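Reading through the structure tokens given below for one structure.
We just call them A, B, C and D in the order they show up, numbering each chain from 1.
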Amino acid sequence: MDIQVFGRLTEVFGADKITVDPVNDTDSLLKKLRQDYPAIGETGFIIAVDKKQVRENVQLSPGMMIVLMPPFSGG
Amino acid sequence: MDIQVFGRLTEVFGADKITVDPVNDTDSLLKKLRQDYPAIGETGFIIAVDKKQVRENVQLSPGMMIVLMPPFSGG
Amino acid sequence: MSEKKIKNIFVQGPVAPAFIAESIASHKSKTGIGGHSIFLGQIRADKINEQTVHAIEYTAYEEMALERMQEIREEIFSKYTLTCMHVHHSLGKIEAGDICLFVFTSAPHRKAAMEACEEVVERIKAELPIWGKELFGDATHQWKENI
Amino acid sequence: MSEKKIKNIFVQGPVAPAFIAESIASHKSKTGIGGHSIFLGQIRADKINEQTVHAIEYTAYEEMALERMQEIREEIFSKYTLTCMHVHHSLGKIEAGDICLFVFTSAPHRKAAMEACEEVVERIKAELPIWGKELFGDATHQWKENI
């Protein structure tokens, strides 16, 4: 399961794409990320699935585009 | 006593400058203008003395710059 | 208020887009600025009683307008944290589609620039002795009224 | 939402004043417009812990940003009586003093243009997945945070 990351998260993960074992939903993904990458705990971030910001738990299926983003700072 | 006029008042008076007999203050001037130029009654206007808008009665003395202006419409 | 401080805001004819670009570019060296707010007034081809406005001819009581603008400038600078502020208003005949007013405020932070710009535009319309004569195609006219 | 309607807002490098002038000039034929409101974001040479920001490097999750911008555009057009709206945001390294954001709204009446412009600027900052990396003179950096 590939996850694209942006902004300062590329420094936290040391890459702009990470691969994790498949999980069923975004809550499980969050739990797994916090376990595997303790450094992420200090960074606020947002999950987007298929280009929509996730606000509640979302079921994940193969082929979905999963993205981790730090708080926005455009403009 | 010379009075400069602007905007649509130049059409009301048919000139951009009019001359009236000297008066002591702006209230007397207003009374005189309404008498001599009945058409002015239909037009809202503002008096300025020495580049300041007059809101109450102001004493007039020789050499003061008296101006009649219709409502502003810049911008 | 010293006479030399009074800035001219009047330009004969329309405000050219190239002039606006030069004005923007001249702020590149002011690296304390974080946001610019610009308002441009453009002559609208209004339809009034089946007649179309094809131009507005502006006149002003210039000496009074410049003194009043100077007072507004000082009040705006004391109210908002601005880096700079520029105002240009056209005089003479300005065709529909052309720009007759250019208000440009710059500040470290966007809110001050935006709020100052809006207040300046409102005050220019309400407080400066400027008059617009709307010219129709058949050589008739009507005097503009700010609402 | 059809794919073809999605407008690009991203430009590589700074927004040039000449581009802004061209954009303004292109509205001359739209004679229903009475007012334009423009916001320009400029890179500020902020001092942070005795270091000075000399540039900001912008990256974005472009596909999502463009979809979100399209939604914002539709909401703005349904809320305000606008004639048109243009948004340009820089990507890549933008030096202090250069322009990184250009928001341009035009309307028959000034209030709609000004209010829409302000709302679009706020929403761009809050809702678009764009990130700024503040670059210091000694090759260190810090990630910008919108406050």
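For this structure, a couple of remarks:
Everything below uses one rule, namely that a contact is a pair of C-beta atoms (placed from the backbone, for glycine too) under 8 Å apart; a residue touches a chain by one contact, two chains touch by 3 or more.
These figures come from a predicted structure and were not determined experimentally.
Common neighbours of subunit B and subunit D under the contact definition above: C. Centre to centre, using the average C-alpha position, subunit A and subunit D are separated by 26 Å. With each centre defined as the average position of its C-alpha atoms, the distance from subunit A to subunit C rounds to 49 Å. Centre-to-centre, using mean CA coordinates, subunit C is 23 Å away from subunit D. The set of subunit C residues touching two or more other chains comprises 41, 121. Pairwise, the chains that touch each other are A-D, B-C, C-D. Every residue of subunit B that touches subunit C in the complex is listed here, in rising order: 4, 6-8, 48, 51-52, 67, 69-75. Interface residues of subunit C facing subunit D in the complex, by the touch rule stated above, are 17-18, 20-22, 24-25, 27-45, 96-99, 106, 108, 110, 113-114, 117-118, 121. Per the touch definition, subunit D reaches subunit A in the complex via residues 41, 58-61, 63-65, 67, 89, 100-101, 121, 124-133, 143-146.
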